[in-house]
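Would you mind keeping the following structure in view while I ask a few things?
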Amino acid sequence: MKKFINDPADVVAQALAGIAAAHPELRVDVEEQYIVRADAPRPGKVALVSGGGSGHEPLHSGFVGPGMLDAACPGEVFTSPVPYQILAATKAVDGGAGVVHIVKNYTGDVLNFQLAAELATDEGISVETVLVDDDVAVEDSTWTAGRRGTGATLLVEKIAGARAEEGGKLAEVAAIGREVNAASGSFAYALTAGTTPAAGRPGFELPADEIEAGVGIHGEPGRRREKLRPARDLVRSALDVILDAKSFDGPVIVLVNGLGGTPLIELYLVYGEVAEYLAERGVPIARRLVGNYVTSLDMAGMSLTLCRATDEMIRLWDAPARTPGLHRGA
Amino acid sequence: MDATLARDWMRAAAAAVAADTDRLTRLDAAIGDGDHGVNLNRGFTAVVAALEQAPPQTVSEVLVKAGVTLMSRVGGASGPLYGSALRAAGKALPPTAEVRPSELVVALRAGLEAVRGLGGAAPGDKTLVDAYGPAVDAFEQAVAAGADLAGAAAAAAGAAEAGAEATVPLQARKGRASYLGERSVGHRDPGATSTSLMFKALSQVA
Amino acid sequence: MKKFINDPADVVAQALAGIAAAHPELRVDVEEQYIVRADAPRPGKVALVSGGGSGHEPLHSGFVGPGMLDAACPGEVFTSPVPYQILAATKAVDGGAGVVHIVKNYTGDVLNFQLAAELATDEGISVETVLVDDDVAVEDSTWTAGRRGTGATLLVEKIAGARAEEGGKLAEVAAIGREVNAASGSFAYALTAGTTPAAGRPGFELPADEIEAGVGIHGEPGRRREKLRPARDLVRSALDVILDAKSFDGPVIVLVNGLGGTPLIELYLVYGEVAEYLAERGVPIARRLVGNYVTSLDMAGMSLTLCRATDEMIRLWDAPARTPGLHRGA
Amino acid sequence: MDATLARDWMRAAAAAVAADTDRLTRLDAAIGDGDHGVNLNRGFTAVVAALEQAPPQTVSEVLVKAGVTLMSRVGGASGPLYGSALRAAGKALPPTAEVRPSELVVALRAGLEAVRGLGGAAPGDKTLVDAYGPAVDAFEQAVAAGADLAGAAAAAAGAAEAGAEATVPLQARKGRASYLGERSVGHRDPGATSTSLMFKALSQVA
C-alpha cells in the first residue's frame, strides 16, 4: 500500500487536523472528532448534521458551511461515527430550532445515529432523521438491509441545507430532504477497489478486463462482475436500471460522480453520454454536477445519480452555498 | 464469576481479537467493507484500557463499562451491537461481587435480546446472531444440566464456533453483506466469527 | 487499461462534448477544440488564453469563466495544442485590449504557443506570453529545457485573471502573472504512474515500496526513485527543496495539489504536515487551497506549491471567480 | 525526385510510423511522456489524407503541405519541429516538377536549420537533431561524390540510424528527457528514432 500517511491508525485524526488548519472558516473539535461552521450554533436556524465513515471526502466534511451542513462527524475509514461523537456535534449546532440528522442507510450508520438521536432527545433537542437510500443497484426488500445511501446524499445535503438556511422549520427541512431522497436513484461501477489504510490492500481484486457493477462506496463488491464495456454502454445500462427503478417524469438533476481514482476527463466523457441518452429517453436535464463528490478512497469508478427535481428543489439547488467542496453564488 | 474473572474475560477477548484482526478483516473484505477486525481491535484495546484505569468491582459494572466503551469507540454495525449486548448483559446482573452461572444465563440472553432489538436480525440472517444465539442456548442447557461456569462456557464456545461455521452457506439478509445477494453465499460471517472468539475467550478464563 | 471511454482515439473530443453539455455558461468549439466564456469576446478586457495537453483537468478547461481564463485549448492527452487551435481561441476572445497566453514551460507548449502568437500578431492582435516554470525539482540550467510549469499555473491563472477582470491593461496583467510565477516553487511525488488512453499502460512501473520524487505531470519519471516514507518526511523534504530554491521571506499561498488518483483525505493530512512545518520554519501562510487541480490523469501523487504572495496577489487571489473548477464569492 | 515520389515518400514514412507507433511510444515513455508514436501517427495519417485529397504537383508543395499538416495536427514538441522542417525544406525547393539531388541537399539543410532555430538543440543534446544532422551530412557527401537519389538516400538512412543509436549514451539537454538529468542516459531518443524512420522511408522509395 502506498499512501501519503504517517500511520494507518492515525489517518482520520491527522486528516482532521489538516482540515482544521486549512479551513479557518470552520471549527474542528479534534478531540470529539467533528467539524462545525465557525458561527455555530445559529439561534433559530434548523441545524443539519451528517456523518459517516471517512474515505468519502469531500462528503461530509467538505459540505459544512452556509447553505449546507452545520456539522459533520467523520468516523474511522468506512466505519460510521459513534453515538457520543454525533451527540456532541448535535449539541454544538443546535440553535433551538431542532436538528436534522442526514444518515446514509447502512446498518452501522443507522444504529449509531439512532443511539445518538435518543441521547440528544434525552437532552431536550428535537431531532429528525432523514435516511438516504438511493442506490438502486440493491434490491429494496424487507429481506435485506435495504438500499444504500450514495450520491443522493449530496443532493439531500444541498437542498435541505438551503431550505434550512432560508428559515425552513424542522419538519419542512426534513420533509424536503426525504422528498429528494425519494426522487433519486443511483448506480455505480468500479474499475478497481479502494485500499483502506488499515487493511493495506484493495477490498477486492478485479481481473484486467472486469468491473464490478452496482458497487457500493465502501469497497463492498457489487451485485455482479462484468466485462469492461465502452463508456457509452455502461452509461446506458446504468441509466436503464435507474429509470426503471423510479419515476422520472420530468426534469432531473444529474450527478456524474467519480469514486476517487477516476479523472475528470473520463467523468466529462461520461456526462456527454448521459446527456445524449437522457435526451433519447425524453428526460430533460434541469441541472447537473460533474466531479468527485461522494468517493470511496482511491477507487477508480463512477456513479450516476438522477433526481426528479421539482421547481422547489431546483430553486434550492441553485441557492448559495459556501463550503470547501461546493460553492454557489455569494 | 467475579469482577476479576470478568476483567480476565475481556482481556482474553481483546487478545483473541488482536491475534485475529487480520482474519476478521479479510472475512469482512469478502462480503463487507474490510474493517471488522480493525473495528473490534480498536474497541477492545479501549475496553482493556478503561477497565485497567478504574477497575470496576462487580461483574455487572465490568460488562456495562465494556459495553459503553465499545459503543463509544467502535462505530460501524458491530460497535452498537456488541456494545449494547455487553451493556444489557451487565445491567441484567445483580450488583453482587460474585454472580452465579444461572444469573449469567439471564445476562447473556438479555444481551442477545438487545442485539436482536437493535439490529432486527433473525437466526439464519448470517449475522453474529447465528453464533450468539446457539451459544446462549448451549450455555443455558449446560447450566440446567448442572455444569459449572467452565463447563457451560466450553459448551457455549463450541456452539458459537459451530454457529459461525454454519453461516458459510447462508445468504445474508442483514448488514452490509446483504447487498451482495447470492454472492454472500460461501463466505463465513465476520461478526459470527468474532462472537465465537468472545465465547472461546470466556471458556479459556473460566 | 480500464477507463470510462469509448475509443482511445476519441477521448479528448468526447470529453469536450461532455464539457459543452455540462456547462451552458461556457461555449465550446468542438471543431477547433477550444472553450471560451459564453460572453466572449469582452470588449476592452484583456483576455487570458491557456492550454496544454489534456489529462490535467480541471486545468485548463475547468478554469474558464469570469475572474480566470477567457479561453482554454486542450491538446491531445499530454500533448500540447496546435498553433491554429490556439490562434482560433485567441481570436475568439480578443476584445481589442490584447491577449495573454499562459504557457507551461514544456518544449511542445512553448513552440506551439510561439507559432500561434506569431500568427495572431500577423492578424493584428497584441499577445503577451507568460511562461510558467515553477517546478524546482528540475534544475534551472541553460543546459536543459528549464523548469516545468506545474501547480503555479493555477495561481497565475487566478491572479492574472482577477487583474484582467478588474480592468488591468495587457502589460499589467502579464506582469502580475510573471511575478506570481517568479514567486512560486513546486515539488511533486508520484506513488504510481498515470495511464494515457493511447498507450494503454502506465508511463512507468514502480515497485510496491518506491515512489518517484520530483515527478512531472506528464508521466515523465522524476529525478530519482526513493523508498516510500511517512507523509511527514516527504512533506519536509519537498518543502526544503522549495524553500531553498527561492526566497520565501513573507506570507505564502500554499497549494496542496492531488495528481488525480490521490484521495482528499490524504491531501488534507498532507496539508496538516505542511502547516506544521512552515510554522516551524517561520513562513506564514496567508491562503491555502487543497484538492485535485493540476492533475496527471489517474496518477496517485501530490505536489506542493508555495507562492510568496504580495498584498496585491492576496487581494487578487480572493477576488471573485466563477469557473467549473474554482469558485470564489459572487 | 518528382511530386509522385515525394508523395510516395510521405506515404512510406506514414507506414513506417504506423508500424512502429508502439515502439516510439515506449521509447518516449522511458524518458518522456509516452506519446511520440501516437503523435506522429496522428500527424502522418493526416498528411497522407491531405496529400490524397488534393495532390500537389511539385515536390515543394508536397513538403510544404506535409509540414503545415503536421504543424496543425500533431502538437507537442515534434509537431512544430517536424512541421517546420518539412515546410522549410519545401520552401527551399524550386517550384519545378522535378528537383535534383543537389537541390534536395539545400532543402534538407533548410529543414535542419528550421529545427535548430525553433528548438535550439545542438548536436549531442539527445534530440532528433542527432539523427537529422548526420543524415543531411551523409546525403550531401554522397551527392558530392556523384551518387544518385537512391544512393544518397541510402547513405542518409544509414547515418540517421547510426545517429539515433548514438543517442543512447547521451544525457538529454533539450526536450522533456532533459528533466531526467542523468537518468536519461541509456535510452534511445524517440525523436531521433523517428527521424531514422523518415530517411529509411526515403531510401525505400528512392
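Order as written gives the chain letters A, B, C and D; numbering starts at 1 within each chain.
Please note the rule applied: a residue touches a chain if its C-beta (ideal position, glycine included) is under 8 Å from a C-beta of that chain, and two chains touch if they have at least 3 such contacts.
Because the structure is predicted, anything quoted here is derived from the model rather than measured.
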Fill in: Target subunit D, source subunit A, minimum contact steps
2
Worksheet, complete the sentence: Busiest interface, judged by C-beta pairs in contact, is A-C
Response to the item:
Per the C-alpha centroid definition, the whole-Å distance linking subunit B and subunit C comes out as 54
Fill in: Centre-of-Cα separation between subunit C and subunit A, whole angstrom
29
Response to the item:
Rounded to the nearest Å, the gap between Cα centres of subunit B and subunit D is 74
Fill in: Averaged-CA centre spacing for the pair subunit B and subunit A, given as whole angstrom
32
Item to complete: Give me the residues of subunit B that touch two or more other chains.
Response: none
Practice prompt. Indicate the residues of subunit A shared as contacts by at least two other chains.
Written response: 77
Worksheet item: What graph shape do the protein chains here make by touch: line, ring, star, complete or other?
Response: line
Worksheet entry | Pairs of chains in contact (touch as defined earlier), listed by label | A-B, A-C, C-D
Worksheet entry | subunit D-facing residues of subunit C, complex | 53, 75-84, 106-108, 111-112, 115, 137-139, 143-145, 148, 196, 198-199, 203-204, 216, 218-221, 223-224
Discussion item. If we count contacts the way the header does, which residues on subunit B are in touch with subunit A in the complex?
Written reply: 25, 29, 31-35, 38-39, 42, 71-81, 118-119, 172-176, 178-181, 183
Discussion item. Residue numbers of subunit A touching subunit C in their complex, please.
Written reply: 2-7, 11-12, 14-22, 54-55, 57-58, 62, 77, 189, 191-192, 194, 208-209, 211, 228, 230-232, 234, 260-273, 275-276, 288, 290, 292, 295, 297-298, 300, 302, 324, 327-330
